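Each chain carries a letter (A, B and C) given by its place in the written order, and its residues are counted from 1.
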Amino acid sequence: MRFPLFSTAAAGYNGKNIIVFSGDLDKAIAGFIIANGSAAMGRKTSMFFTFWGLNILRKPDKVKVKKDFMARMFGMMMPRGSKKLSLSKMSMGGIGGKMIRGIMKKKNVESLESLIQMAKDNGVELVACSMSMDIMGIKPDELIDGVTIGGVAAMLAHAEESDMSLFI
Amino acid sequence: MRFPLFSTAAAGYNGKNIIVFSGDLDKAIAGFIIANGSAAMGRKTSMFFTFWGLNILRKPDKVKVKKDFMARMFGMMMPRGSKKLSLSKMSMGGIGGKMIRGIMKKKNVESLESLIQMAKDNGVELVACSMSMDIMGIKPDELIDGVTIGGVAAMLAHAEESDMSLFI
Amino acid sequence: MRFPLFSTAAAGYNGKNIIVFSGDLDKAIAGFIIANGSAAMGRKTSMFFTFWGLNILRKPDKVKVKKDFMARMFGMMMPRGSKKLSLSKMSMGGIGGKMIRGIMKKKNVESLESLIQMAKDNGVELVACSMSMDIMGIKPDELIDGVTIGGVAAMLAHAEESDMSLFI
């Protein structure tokens, strides 16, 4: 006798769904720490990067792609990749971010870059929002490896297999 | 034979519950895109507008209502309606918001105003937080049509019929 | 005959899980109003304070604890306790926060301090994130009474017993 759907857990509804809207360093760190914790518990974990959150997934180096004027301007104004992000508070011209990174290193907390790598190694699904890419003029080649591209419907479908959704 | 409660979906627990605390243009757009995606999937979708989020629901024109001094001051200082909202980042004195709106138009993404209308047409429930209205001195007549007024308990009741709640 | 797991509610999966990342006065108030509403409905409610959210739980007075230089600097720069928090918008050098507090008092809405006390009285679990404490150099003695210390895994375990998780 099987009870496949009697509890949300048994039914497979224990995924974790994290929408990363913000491109702030501290919020990105928080999102990846939660995602890695979830993956360590064996949960299907998905992160959906939209709006400013897309910047976290940008390659640090300039990638040669065709862009119109607006997309080029946006691309220049926004931080290119995880190392360029600022804090949401006490940024102080970038000093705050450097302080946090220094302390994390000293306390043996993984850097954002390590956290991203861990997430990929642990099977966390990293999805870049297709509509945001279109609006902000970011091309697939400009994103780090291991990222898939998806829309809001895919994110909502994952939410329905999850017992936790966050908007970060 | 029926299995009405065997899965969360079958039990009707697949609503989507979005708390809109922020009054930022970009976050409002994100909230309505998610809500409209959910409604398109046939899910019961509710948005609860609280604190600064209330400003999204204000009528663009000044409405003649009785207010005390504090409420009048607040009303003047806060943006009146969706067209007056600023970006959470790169606002640059309003230029950022205009840029985003321009790009969205060019890319055939609906404007915030169309997204709000779509939400209403698709049956998304728009609820203004009664306590926030009281604190900020906003009267029912100052809100756009099609909005209901409710409290935290109603929001939580909807959360219990949902498999996703977001705080935006 | 018992149907203990047929619905999420029957299965006990109706907890409420609130991650408080932000240390803004308005967001803290929103978080505690939702938590108290949930507790009033008899739901198991847990708040997990991480990053800037930790500041909400700091005792208002300086506590004599051993700290290294970096932790001391952080401690001085960050607001010590609920009475020192600023608004996320319209802070205007602290005037905004005073206005909101004044209006809330006039409208008989509980102050943040009363909301925190209510939460403790109503059995809301207040958890300080251990990793954030370590990074920001905050010691257990610096936190208000009635707070427990826990990690991300504990927060995720509570999320799995909840039908709503928020990231504030």
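Here is the rule we use: a residue touches a chain if its C-beta (ideal position, glycine included) is under 8 Å from a C-beta of that chain, and two chains touch if they have at least 3 such contacts.
Source: prediction; values computed, not measured.
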(message) How are the chains arranged in terms of who touches whom: line, ring, star, complete or other?
(response) complete
(request) Please decide if copies chain A and chain C contact each other with the same set of residue positions, more than half shared, or with different positions, and reply same or different. (result) different
(message) Angle of the rotation mapping chain A onto its copy chain B, from a C-alpha fit, rounded to a multiple of 5 degrees, please.
(response) 120
(request) With chain centres taken as the means of their Cα atoms, state the distance from chain A to chain C in Å. (result) 24
(message) If a residue has to touch 2 or more other chains to count, which residues of chain A qualify?
(response) 6, 8, 163, 165-167
(message) Which stretch or stretches of chain A touch chain B in the complex?
(response) 5-6, 8, 11, 13, 17, 19, 21, 23, 50-52, 70, 74, 77-78, 131, 134-137, 152-153, 155-156, 159-160, 162-163, 165-167
(message) Could you list, by residue number, the parts of chain C that touch chain B in their complex?
(response) 3, 6-9, 14, 16, 26-27, 30, 33-34, 37-38, 40-41, 43, 88-90, 99-100, 102-104, 106-107, 109, 163-168
